[in-house]
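Note that subunit A is present in both complexes that follow, paired respectively with subunit B and with subunit C.
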Partner chain A sequence: MKSLRFCLLACAPVALIATAPAGPIQLTSSVMVEKIAMVNGHEQTVLKAPKPVFPGDHLLFQTDYKNTGATAADHFVVTNPVPASVAYAGESTAGAEMSVDGGKNYGQLSALRVKTPDGQSRPARPEDVTNLRWTLATIAPGTSGSLKYRGMVK
Partner chain B sequence: MAVIVVSPAYARGVRAGSIVANTATATYDVGTTTTTINSNTVSLRVDEVLDVTVASRDANDAGVAADAKNQVRTFTVTNAGNGPEAFNLSALSVNGNAFNPAVTLVAIDTNGDGIYEAGTDLVVANGNAAPVLEPDASYTVLVLSDIPATAADASRGEVRLSALAVTGSGDPGTVFAGKGLNGGDAVVGATRANADAKGGFIVAKATVVLTKSATVVDPFGGTRGLPGAAITYHLVAAVSGSVSVGGVHIGDTIPDGTTYQSGSLTLDGTALTDAADGDAGAASSSGIAVGLGTQAPGTSRTVTFTVKIN
Partner chain C sequence: MTRASHRLGAVSLLVLAGLAATPAYAAGTASGTSITNTVTVNYSVASAAQTPVTASTTFAVDRKINLTVAEIGSTTTSVVTGQLAAATAFTVTNLSNAPLDFNLSAVNGAATHGGTDNFDVSNFKYYLDTDASGTFNAGDTQVTFLDELAADVSKTVFVVADVPSGRVANDVAGVFLTATGREGGSAGGTVGAALTNNSGTANTLMGVETVFADTASANGDGATNAAFTAGDDYTVMVALSAVKTSTVISDPFNNTTNPKMIPGATVEYCIALTNNTAVGSGFDATGLTLSDVLPVATTLVSGSIKKDGAVNGSGVCSGGTAVTDAVGYTSGTRTVSSAMADVLGGAKAALIFRVTIN
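After this line comes the complex of A and B, so read on.
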């Protein structure tokens, strides 16, 4: 999760941002592509505005929230689906629950199972994840944060 | 600051032109009111990766005769990228072997039978583009070659089929801006969008040498060719080379002025009956014949028969 932390400090989303209609909570999505780059002779992960992307590109999906109102928002639940052409890479902001059935059921990945064609089931793998969900008890007025996960273009 | 971006390259991914769209949703309560909001939608276009693989379909070298024409080697060319792509196919003889096959034709094996059929299989001018392949799709390519007449027994030669993406090839990560599907970019994948494979030929020659000799025993115990003398002919068939030879047959006529001695025909020291029956040989007053069938390299078979000078 080193790069995630790096990103929390270093990169405000700079591209592909639009804001949902005004309300007490603003929700903003962005996606960055992570590239391994040689910077002054050292390998370093850099984030680039991705347009376009290629199979194998590593993406960082980010949802920013902010309470711009005067009252607290309670039981704040953010759901972010994993696009069909993206494989969840197993890394996300702490507290996430996963779904492998399109959002019907959520839980920790280790507790989830996936049906196999032979009628049996197997433990779920990161690439099986269809949705991520974060639940925050309350968001005080004026507070904000980011929820992220990593994926790879299939 | 020097920044060199190393692009990853994975074959057979999401089809070029696909859109990756992402919208987050949130619900929250303010007092007793539950509100649901959506974020903006982020859309990314997946662009084209150029990748190709070429593999020989032949498990072994093809055994060929020297001077054989249009000998076939088969290859599978697969579009390992994520967009429809055409590939230039080039077939050349590989240098450094005992002989150089001369490529005569490159064709797509449209019915997949591994045999070139004029009018059925699609000829591709050597070095030119074959029809577009969808991602993950492949075709069988037939490469026909002539074997030089001078190729020695057991010597080996090879042809190489190369496939290059028409859009472009080169170091992985090389970007061809605007050259991808629907005007998107195309980037070279791990295969460099340039792949090749080799197919081998091995010359198989068999040589049969027949040697005839005679020993004479005259009626007086000498070796002079007198009337009444017995002449025993030895016919030795020796097979050499790297392959078996089929239908080996030893025949001889009874010389004028001599008479075949009944029951004198032998093969490798074992008597054969004169009748054309279950054994390999037959003999009559006009000649002898022994059928040996298929003989392996290194085999030597000896037939003898005796005549008496009239």
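After this line comes the complex of A and C, so read on.
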């Protein structure tokens, strides 16, 4: 069964746009929190603006990009460290590569391994992911897109 | 709850498996911790690398208030009438993601372990298990509240109260301990200020909001009030109990082999006393005198009275100090009687005598 997602009243993505205003690439970062709400008499999972946010909450991190320039942007590499208090929980936008070693090496999660405390190694799990990376070959002028992933507050 | 997503790539299977196996975190990330998601874009235009662009979002983890209180063990606390400073033990656990003080409040109430509450204890005091012995003793410190209980920490609290005199065996006094979360942040002094539940009010990204998430518990405690209650009770025990047994020692025909209770048989009677309070309880039975009237149609075996005998785990009596007939027997009333030495907590003692069947 699909879970419907509604944006409730005050849920404009919360964003802080950092500097680099002169370039053609517009970047917006936002986060939303999954909450259970009563919609039409039964429980639904909805996305809301953060706060309050507690340990165990499921977050959706989203980055929106737009090429506002006149020329194409090539070799567009988006790197996104997973915040320290967040456990990566999957559902990243297609094309993501993951790192479990702080961004030194990237690959598909199924191919990555981590060391166990006793010196052995085991397949990496989602919660081991430390960084995400998307590489887009070209962004034509005027086009935009979204890159997302889910995480859980530790 | 299933999450359907329309844009999963090759990693989907493993990712969903990860979603199902959510790790079991306890209180979790401390309130006030910043979570910052930063994205950096490196790109080129016509093969020339451009200045990277970044964007980020920051917010602070809020404070979720949750706690439990539970009695230690699952049985009543046995007490004697008039006992002072009788202790019941509880744990208080801070499940919030922040350190808190906890107010402590004990009240009389319904019985917790069956029985019907029919008296009240008084003079409630609270002690920490300072020497970690698991038992309330002189090594423990009295407190008025729990100070700076860290996230995910559980503390043992003894609730100590006085049992009134005049109570009889099987009287029950139920007690309930309520712990209420209060502001933490500075050790010692008095208990912190009351917490305020902010749920539903406007939130700021970097502010730390407090939301109550505790569940309803015992004695009418409701959910989301930053408090939790658990119950226990005191039951008055029979401090000193006596059991009388008899054993046929011999008869004129079978002697000591399978003797029968027939005229001429010798029968030994034992009155076994048990002090039911705990070993080392200090509740010694003192000033004891035991008396028993000989059964009809029997005659005391002269010189058979023994006091302060031993009683084994199966209730068999033996030994004891001889008491002369002159001291221990009143023929007019056919009564065997003797003073007994003090019987200490957990101890037993016996009064033994023999008769012949007329």
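We adopt the following convention: the second predicted complex is superposed on the first by the 133 of 154 C-alpha atoms of A that agree within 3 Å, B and C clash if a C-alpha of one lies under 4 Å from a C-alpha of the other, contacts with A are read in each partner's own complex, and residues count from 1 in each chain.
Note that in this section a residue touches a chain if its C-beta (ideal position, glycine included) is under 8 Å from a C-beta of that chain, and two chains touch if they have at least 3 such contacts.
All values reported here derive from a predicted model rather than from experimental measurement.
Asker: For A:K35, is the partner it touches subunit B (first), subunit C (second), both, or none of the two (neither)?
Answerer: After superposition on chain A, A:K35 lies in contact with subunit B alone.
Asker: Should A:K154 be classified as contacting the first partner (subunit B), the second (subunit C), both, or neither?
Answerer: Both partners.
Asker: Applying the document's definition of touch, where does A:L109 land relative to subunit B and subunit C: first, second, both, or neither?
Answerer: second
Asker: Counting only touches as set out at the top, which of subunit B and subunit C does A:P126 meet: first, second, both, neither?
Answerer: In the superposition, A:P126 touches subunit C alone.
Asker: Output check: A:P55 vs subunit B and subunit C. Expected answer is one of first, second, both, neither. What do you get?
Answerer: After superposing on A, A:P55 lies in contact with both subunit B and subunit C.
Asker: Look at A:A73 in the shared chain and tell me whether it touches subunit B only, subunit C only, both, or neither; answer first, second, both or neither.
Answerer: In the superposed model, A:A73 contacts both subunit B and subunit C.
Asker: Common interface residues of subunit A with subunit B and subunit C?
Answerer: Of subunit A, residues 16-20, 23-25, 27-31, 50-56, 61, 63, 65, 69, 71-81, 83, 85-86, 139, 147, 153-154 contact subunit B in one complex and subunit C in the other.
Asker: What does subunit A use to touch subunit B in their complex?
Answerer: For subunit A paired with subunit B, touching residues are 16-21, 23-25, 27-31, 35-41, 46, 48, 50-59, 61, 63, 65, 69, 71-81, 83, 85-86, 139, 147, 153-154.
Asker: Which stretch or stretches of subunit C touch subunit A in the complex?
Answerer: Against subunit A, subunit C makes touches at 1-5, 7-11, 14-16, 18-19, 21-23, 25, 27-29, 33, 35-47, 50-59, 61-62, 64, 97, 198-199, 203-205, 207, 209, 211, 213.
Asker: What residues of subunit A sit close enough to touch subunit C in their complex?
Answerer: Counting only subunit A, the residues touching subunit C are 1-3, 14-20, 23-25, 27-31, 45, 50-56, 61, 63, 65, 69, 71-81, 83-87, 89-96, 98, 108-110, 125-127, 139, 147, 150, 152-154.
Asker: Across the complex, what residues on subunit B touch subunit A?
Answerer: 1-14, 18, 20-31, 35, 37-49, 82, 184-185, 187
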